[in-house]
Each structure stands twice: as C-alpha cells, then as structure tokens.
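Here the chain labels run A, B, C and D in written order, and each chain numbers its own residues starting at 1.
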Amino acid sequence: MIKVGIVGGTGYTGVELLRLLAQHPQARVEVITSRSEDGTCVADMYPNLRGHYDYLHFSVPDTRTLGACDVVFFATPHGVAHAMAAELLATGTRIIDLSADFRLRDADEWSRWYGQPHGAPELLEQAVYGLPEVNREAIRSARLIAVPGCYPTATQLGFLPLLEAGLADSSRLIADCKSGVSGAGRGASVGSLLCESAESMKAYAVAGHRHLPEISQGLTLAAGQPVGLTFVPHLTPMIRGIHATLYATVTDRSVDLQALFAKRYAAEPFVDVMPAGSHPETRSVRGANVCRIAVHRPQGGDLVVVLSVIDNLVKGASGQAVQTMNIALGLEETMGLSHPALMP
Amino acid sequence: MIKVGIVGGTGYTGVELLRLLAQHPQARVEVITSRSEDGTCVADMYPNLRGHYDYLHFSVPDTRTLGACDVVFFATPHGVAHAMAAELLATGTRIIDLSADFRLRDADEWSRWYGQPHGAPELLEQAVYGLPEVNREAIRSARLIAVPGCYPTATQLGFLPLLEAGLADSSRLIADCKSGVSGAGRGASVGSLLCESAESMKAYAVAGHRHLPEISQGLTLAAGQPVGLTFVPHLTPMIRGIHATLYATVTDRSVDLQALFAKRYAAEPFVDVMPAGSHPETRSVRGANVCRIAVHRPQGGDLVVVLSVIDNLVKGASGQAVQTMNIALGLEETMGLSHPALMP
Amino acid sequence: MIKVGIVGGTGYTGVELLRLLAQHPQARVEVITSRSEDGTCVADMYPNLRGHYDYLHFSVPDTRTLGACDVVFFATPHGVAHAMAAELLATGTRIIDLSADFRLRDADEWSRWYGQPHGAPELLEQAVYGLPEVNREAIRSARLIAVPGCYPTATQLGFLPLLEAGLADSSRLIADCKSGVSGAGRGASVGSLLCESAESMKAYAVAGHRHLPEISQGLTLAAGQPVGLTFVPHLTPMIRGIHATLYATVTDRSVDLQALFAKRYAAEPFVDVMPAGSHPETRSVRGANVCRIAVHRPQGGDLVVVLSVIDNLVKGASGQAVQTMNIALGLEETMGLSHPALMP
Amino acid sequence: MIKVGIVGGTGYTGVELLRLLAQHPQARVEVITSRSEDGTCVADMYPNLRGHYDYLHFSVPDTRTLGACDVVFFATPHGVAHAMAAELLATGTRIIDLSADFRLRDADEWSRWYGQPHGAPELLEQAVYGLPEVNREAIRSARLIAVPGCYPTATQLGFLPLLEAGLADSSRLIADCKSGVSGAGRGASVGSLLCESAESMKAYAVAGHRHLPEISQGLTLAAGQPVGLTFVPHLTPMIRGIHATLYATVTDRSVDLQALFAKRYAAEPFVDVMPAGSHPETRSVRGANVCRIAVHRPQGGDLVVVLSVIDNLVKGASGQAVQTMNIALGLEETMGLSHPALMP
C-alpha cells in the first residue's frame, strides 16, 4: 500500500482527494494536516466520509510523519508548498502540489501575479507540470509535481490539438470559461454565498486572472511561439464543473478537425473527444476524472469553437493529482479513477 | 385606461406580461386567450397573480374581442401571429408581437431558419423592429411591432456603440451568451427538467441558432455593412437572465470606450453603462427592464470585451414589449417599468 | 413625503427595505447607516438599486439625523436596537425594529435565548408586536414596533384560526418549517456557501431555535393558554421563501376548516386562503408581501395539516415592516406593497 | 460474472443502475431494454457512461435474452412488471423490481391506489419486500424482490427502532418528507421543469400519496399492530435526496434513544446512526447507498424527532436494488456499493 500524506485537507480539493483515495485500491491516507482542525476526525468535518476514514484525524504539519509517506499532496493556499517543499523533498518523499506554487516556470512572473516573492525558486527546475496529456514521461520520474489549475486544464486540453498542429492563429485565442462556485474554495466569503451566487451569472477578473499566465505558458509551449490569449472567467450558479468555450481562427479550412482531435487523444484514458456536433455538458463529468471535448466550425467559417468540460475538483484538481500519482509511482494510470460521473 | 389583449398567455412571456401590466397605472388586460385553457382563471394557473386578475379568464382567440383592445400582445410560438395579424390590424388595433414572426426583414431568410413558409410577407413592410434604443421614432407610429428576442437584445445593445462608431472589425464578432432556462419556455421537454439542467452548463445550437440571423440583421444595420458573427448560446442553471460576453477587435486603441458607451446610452432610461472595471451580474436585473453593460479591454490589447446582462423575460421580452407599448401609445416610456430588480 | 431612516442597511433585510421603499409613493429614504460602509453609495453595494438611490450613501449612525426622520427601521443584528432605541425614541421618531430585540415580552426569556442581558427592558411595555393580523389597532399608535421573525410569521398565521377558535389541542403542535438560505443573512459563513447549502436539505437547531419562544408566545396569546410546540427548522436550497407545514389535532372533526380560515382572513389584504386542496408554493409569494395558506385534513382524520408560505424577506421581514409603517403612519395599508410575486 | 438484465433503462433509476453496476466487480449488464430507444447506444443517451458501456444498446424486451440473465431489474412504471414477471420467472431468472408492482401485500389495496387492477396477484405470495434491514433472510432465497420506494425506505428506517421496541404511540405518527425532483422521474412534465421547481418549495399530495400504504404496511409489521400515519411529501429544489423528518410520541421518556438506534443498526453496513445532536444533510449521502439517521427529543419532551436522509436514487432505489442482488446471489452485501458520497 502506498502511504499518502495530505497537507491542508480542509478545503474542497482536500476532501475530494479523500473521496477519490477511499476508492483507490493501492493507496491509504496516513496523515492529513490542518493547523486549525488539529485533532478533529476527518469524518466529523466531512460526514460523507463517515465509515471510510474513521481512523484519520487532522494533525499539525510535521516533516517527520509526512516524510514517512510515499507521496504528499498539498491542497493548500499558495505559498504553503513554497515554505515546506524543500525540507519535505529532502526526506525522499514525492510532492504533488495542487496549489499554484510551482505551476509557472518563471519566478518573477509568479511574483507579479501573486503579489509576493516566490518562496522556492530553486525548486522550479525540478518541478514538473502535471498535465499527463503533455508531460506524461516527465511525470514518471518527477519528485515535485505541480498539478495544473482547473481553468488551465480545460483550456489547454481544448486548444492543444490545434496549436500543436500549427493550425490556429495563436495570436488571437479566446477562452470564455464558466466555472462552478466550488472553484472559489471553501473559504467563507460573501461572494460565494448561495444567496449571492445562485440564480445569477457574471464574469469576473476580466482585467486579469491568475490562471492567465499559466494557460499562456502551456499554450506557448504547445504552439512553439508566444500566444495572444484573452481569458474571461465566469462564475456559474452550480457547485462543480468548468465549461470552456474556446475560439480560434484556423489557417486552413480544409483540415478535418474531428479527426485531428480524435487522433490527438486516441490513447488518452481521460480525454473523450465526442462525436461531431456534440455539446458536452459539465454534469456528464461530475465527480469523474474526464475531460470531454467537442469541436465545431460554425457556418463553415474559419472560426473554430472548441467546447471542453471538466469537473474542476476532479480532472481540474484532485483527480488529476491522483492520476499523476499513479503515473509517478508506476501504477496503472486509471487506478481508482474509473468510476462514471454522477448523473443526474 | 388602455385596453390590452394578450394572445397566448400561458407561457412565461405571457405571465410576465400579466405581472408587469398589473403594476401599470394606465393599462388593463381585458382579454387573454388560450385554446387549451379556455375558461380557466389566470390566477388558477399562476397563483402569484391571485388577487390581481380575479376577473380574468383565458378565452378562445376572437378577432372581435381582441380588436376592441387598444393593443394586442402576441406571446405565442412562431407562426401564430402570421396567421392572425392581418385580420387584427384591420380592426384598427395595434399588435406587439413577442414571437419571431416579424423580426427578420427577409421572408426567405425567415423561412430558411424556421423551416416553413413565411405566413405574412405582405406585412413585413409595416413591421417595426421594437428595439427602442435604435428604433424609438419608428415605434411611435407603428401598428405592428416585432419585439426583439432575448439574445438579440443583450447582444445588440452591447455591440451597438462600437459598430455605430465604426470602431470594431465587424467581420469577426463573437457573442458568447449564457441564458437561464426560462428562455426555453414553459413547454414540457426533458432538456428543461430541473434534473437535466440544474447543476450543469452546456453550449447548444453551435451550428446555428435562430437568433443568429436576427442579431446579424441588427448589427449589419448598425455597422452599415455586413457583419461576420459567431454566436454560441449556453444553457445556464438558473431561471432568468442572459449574460452576453461579446468580443470585438477595435481598430483604434486610443478610443475611450467607457466614454463612448456612456455617451451612446446617456439618454436611455433602461440601459445602464456601469463604471469602468465593473462585472454586471444577471441578478442585478432580475425582474427589471434594464440592460446593464460594462466594457473592458483586457491587458490593453485591441480585443474589447463587452459584458451585457438582461432579464430575458423582461428587457428580453415582456418588459421591452410594454416599453414599446408606452412609446407607441404616447405614454411615459418608463411607466410601470421602474421597479428595481429582485436581489437577492 | 415620509422621511425614512434605516439603521444597518447592508444586510438582506436592509436591501429589501430599499427595494420596497423605492416603489412606495409616500416614503423616501433619507438616511441609511453602516459603520463599515460609511461613505459608500448604496447602489455601489447593491447594483439592482442603480438609478433608484443615486443620492443615498451609507453613513455612521447619528441620533440627530435619524431623529429627523418620521420613522427609523432597524435592520440590525440583535442588541443594536436595544442600545439605540431609547435615545432615538426621545427625539419623537418611531422605530420599526426588524431584529429580535423587542419581540419577546419577557426580558429574562430573551436573555436566556440570546445569551446576553436584555439591553432595554424598560421599553418592553411600549413595544408592540408588529403582526398586523393580530395587532393592527395597537400598531396604529405604536412608537416602537417589533417586526415578527420570518418563521414566527408563517407559523402564527397558519395556526391562529385553529387556536383562536379553540379547535386544536394546543399541547401538541408541530411546526416543520423550511427556509431559504437568505434567512441566515448576508454574513460570510461556511454553512451558507452555495457549495455547502445548494443541492442539499437539512434540519438544524432541533434542540431549540431562537424563534421558538417567539412563536410560543404568540400562539399562547391566541390560544389563551400555554401551548406545547415542537419547532423544527430546515435549511432549504433556495434563496427566498419559507414553507411552514403545521400539524395540529382538532378536537372536533365536524368543523369546516376551509370556512374557518376563509372567514378569519377575509378582510386581510396580505393573507390569501387558497381553495380547498391547494398546495401553496413559496415561489408564488417571491418578492411579494403575501402569506398563502391552505388547510388539509388528510384521510378525514383528526390531524390537521396547514401549509403556510411567505417570502421570508418580505412578509417575513421588510414587507411586513413597511406594512406596519403604513398602519402606524395612517397610510393605506397596502401602499407600495401590492405588486405580484415574481414567477417564474 | 453475474449476467444482468435491465427492463426499462431510460429513466433515472435505470441510469443509476448502470452507474452503480459499472463499478461492481462481479456484475455485467448484458441486456437493457427500451421500446422507444431500440438500437440506441446507452452512452449516447447518458454521456456520463461513455467509455463504460460502449458495447451496450437498448433493445426491445425479449423473454429469451432476459431469461438468460442471472437477474433482471425492472426500472419501469408500475404495471410493466405485472405483465412480464410470471413469464420471466418461469425461465429461472430472478427479478428485482424497482417499481411499485409488488410492494403491497394486498392486491386490492394496490388496485385502489394505482387505479387499475393488480396484474399479477398470484405472484404476491413469493414476492419479498426488499428492505434488507428488515428482510435480509427472506431476500437470500427470493426469486422476486420488490425494492421499497424512496420515501418508504427513509421513513421506515427512521421509525423502525421505536416501533419494534414498542416505545412509540403508533397511532399518531407523522412523516414530513422532502424529496429532490428526481423522485418525479425523467418524464417531461411541466411541474418538474427547472423553472417550475427551482427556487421554490411546496407540499404535494397531502390528501394521499401512493407511498402511504407502503409505509403503513411496513410500520404495521414493525409495530405488530395497525399504525396511524400522516405522510406529507414536499418537492424540494434539488436533484437528489430525501430528508424525512419523523415525529412520534414516546411512551417512556427514560429510554436512551441514541443507544436504541445505535444498537438496532450496529450491524447494518448501510445505516449510519449519527452522534447525538447531529443534523444529517442529504448531500452527505449523494450518490451513496447510505441512510444517515439522527434522533432528537427536543426540550426533553415526549415528542421524538427522527431525521433520516437517503439518496432517493441510491438507497431509495437502485443502490438498494443492487444491495438485494448481492444478498440474493450470495455476494458480499456491500460489493460495488462502498464508495463515499459526492460532497460538495
């Protein structure tokens, strides 16, 4: 059994890790930390877990107990992994970081977007961006994995086939993304109250969202040149789900886009290219580690519309984290992740 | 008192007309028709109206009683107004049609999108497109008003300042629109069930939605030349509201867009240009006859992002219809329409 | 014009007062206070009010400016009205308190349930419980009105006809009540997040909720003897609305309950006794100052089931407050409160 | 591998069976029938199942292919199992019927509530009511299992400890139950539209719901005498979940109810008696085959309040059906049913 530690398990990505790992035949959570909930049984905080983790209590983070794990997930606000990663890596364990701490290659850019100095620039070299559909080989030998953000996962998977094939004008990409409220986390904020966010739709952070540089970095790598991206996130009145509606201009109208996408993801266990003409729904991936994609070219023009949906807490966070764990530890990649989505 | 008739009042635009007219000091609904509900008291069907219309029963459509009204609203599926309009107009009453029957100037195009012959092409010449922010003068003397669709209202109001000023590349416009489920009407369809549409997001009709030609027609008039528009509607898990996220490339980055929009709508009672940096929420217009707009130019690039929100049943349908009635009958334009939105 | 002051206008009952008073032909809000939002324009905080209160800014509470108003509403947490009421009343203004401060006649009981000493027991004598259907005459001359809570309004209106007529076993009353999340207020708490309260149902405070003594007090007065009440509130995944399902054993099965309820409320403008067999929906009163009631006696037994619905923010708070203002100031009772509910 | 057939798999209990069986290590769905969807791939209808059942198409019901299965589930409207059961049982297969056809022991009572003659009274003798917590032994050898309804499961599990111990006044039981909209099925009906059922709460069928005789039958068996039950179901604005709030008068206040419930369900894998003072949420069982129960005695009176929550589609239907399959086929009872609930 793989020994798992989780740092900061009181948020939504934390409880989702626990839910997924409860179904994982080869992993067992040994340690879960929370300074504020030290001593609380996890099942007291998350009653859906009653009967699954009756042995497990939150504890104060401790390098010794965490270091005894085979892998340590960070489900923390940004900055925490910066502070603890070097010491933990020195114990020989692996780190899979769900926060933004190691997603950007450039420490200065990180600092600009997060408004504080990068806390561990010396680790950036060994950090591997944990998008298996792009970086599977690097993940196999990684000690420090930066799990992609939710918007970046949906957006990159949708744009990749076009950019890798050099088929899109990479200077004018648009990502109009809609996220459920769980993307805002479990912190008590007025904007995330049911009475503020239900029965309403709004864009936010149009001037610049922290996921913008992460997406741009990934698309730039795929395109082999800098990209121009406009990213507009929207808060959607639902709990889970991201729907990315992506716009790109194709340079060659004769290309069979359906075939291009199908081929790109033919071997991917967690990317589902739907039949031509499909409209994926976020509920079709609720609770599941899947990205479903459909590609359209309306009215036969040169504007391509890609629809890409994920569950932000699964393929956009904890599920993808477990997927990278499976890869890094040499397990079957789909282990513990093959259950269908919950619908309705 | 203005005598009002309503044809087809059992759907959502019908009940919304009744709600709005109950607050209108100068209008009284005299006739409301429904073949299927003949004899039913409207308050039995819509208990929110108990105490407001206890005198009013659905009746079978009849030209004589409808013709005795000063104005007749059609809140019907497409095709009905085609069949009844000529005879009704001959009685001397006015028609305000909330359906799509007279929105398109070109009968052939209508026929292509609706899959049936246009039923009253001879009336198209006198039909006035009822968007007051564009057509106020024509509405004043109109006998037959075609109330714009919900997506077209939100989208046109958002794009108009740019196109009228010749500031946008009109060949590459994108409208990424999100609608509440009431846009699909009150018909019993599986896709509109709570269990199918709650807690999920999806695009639909990407290949071509019937509102596309209507929007294109209006934008073409505003731009003075044919436009290229990609329109992607999304079904959003809420009852009311449309959020249009509009993308256009400006040809001159030095223009003060905030001032442009503020000036364009300075005299408009129902268009609210929000302060720079705003993100309008659909709930801020719930139940109110208002379009709120914010304009952004992210990262100082040449791509403009306009956010435009309406309540699809009010400014996107019944409220706009009452607004045109006020104009056409020489009443104060805001009469009965000045209540604030319901929030939370 | 009646000059209105509002103390503590940043919560949901505050914004609802503003929404309702914007439609009131005889009232104008002159002062609205908030320590934390001093200087903020109310329309900046509540964009639904843009265009309605552009003159109005939050200010620090001040007895002089508030005292210059004809009436001052308190939309504050408990304890605030205790601290300010005496001084304000001395200026000659009226107070309409939406908080719990003056609802209980017994200061000691208040103290037990709220865990702090009663701050103004000397004012209890003049405080009038603001349920017009019971206390209309006393409200006419009141200087200090305690607006009932939301659960107490729905529950008392449902039980009153039975208890006043001496028809129910008052020792075994059950109120199973379901409330929308807005009842929990606008404070940032984890339990009210969309992700915690949407798509779920739960009871809370079964051991004892603060509205229990208020309801018991009212029912005791109606019955003329102490009552035994079990009150179980539930958090329901919606924004607005209370559905009270009330159970009582009738002592005489031959009574015509429908007639009893109809007669009791025949003259009440804001209580709607629905036809026999009805099932009122909370949405039928959304945004409206109405309580709709239906009475059932299933299978012809002796257990009566009363269904009573209100909008917790309107008839359960701000609407009822305006209703008492109308009464106290000699205006028509329904003034500004006669718009229909928003449906759908 | 156990060969599974499903009759009528297009509704919510059908797709839920498919979801659960996809995770079952010993079962494989071989046949799924639907007259209207003959030939359709199940994954085309339910995109959450893409990749799980790519081999499986709906087919017209056929006794030969169904009879070749080890077990056949009926996820059909009432009446269908009546018509097909005898012939199918003759092939030697087992039937697990999720409809109401064989739940009532008395064919005449069935006929009264369902408004049509009972179609297979001769099979009632061998039909076993599939509530494992009551009937586990009988289920082991059953050929025809009637899976309990959703309300009956939540209500019976909540009342059983009291009634079996003879501790409650069985003549005055009240079940105030709240159900998500999926309980109304996937049929296109106006009342189940998002715009009709979201953001609202209502009771329905207060005069008498078809689950009433089923619950009464079960409680009568538990109590050893006829019971008096008032059952009030409510439509709740959520997809999944039942919250039963149960009221009973205890005849002995000295009993330790917490211990009573804990002991009754100590050995039950799918009933979770929560700690004293708990308030179970329906989301804590979303997607899971669990009933969570808490028991309260407010203010130390003699009225007991039991809170019982299930997912109506899992422990209230398809999960319980799989549980009975496991029992009947000699598998481990929890097989394929041990995943945690999806939260948030």
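Everything that follows uses one rule, which is that contacts are C-beta pairs under 8 Å (C-beta built on N, C-alpha and C of every residue); 3 or more make two chains touch, one makes a residue touch a chain.
This structure is a prediction, so every number in the text was calculated from the model and none was measured.
By the document's definition of touch, common neighbours of subunit A and subunit D comprise B, C.
With centres defined by CA atoms alone, the chain at the far end from subunit D is B. Centre-to-centre, using mean CA coordinates, subunit B is 36 Å away from subunit C.
Taking each chain's centre as the mean of its C-alpha atoms, subunit A lies 39 Å from subunit B. Distance between chain centres (mean CA atoms), subunit A to subunit C: 45 Å. In subunit A, the residues that touch at least two other chains are 12, 180, 182, 186, 195-196, 198-199, 237-240, 280-281, 283-284, 286, 344.
Subunit D meets subunit B in the complex at residues 12, 181-182, 186, 188-190, 192-199, 237-239. Within the complex formed with subunit A, the residues of subunit D that make contact are 12, 15, 18-19, 22-23, 46-52, 182, 186, 198-199, 239-240, 272, 274, 280-281, 283-288, 290, 292, 339-344. Of all residues in subunit D, those touching subunit C in their complex are 172, 174, 176, 178, 180, 195-196, 198-204, 206-208, 228, 230-232, 234, 236-241, 243, 245, 247, 249, 277, 279-284, 286, 296, 298-299, 301, 303, 305, 307, 309, 344.
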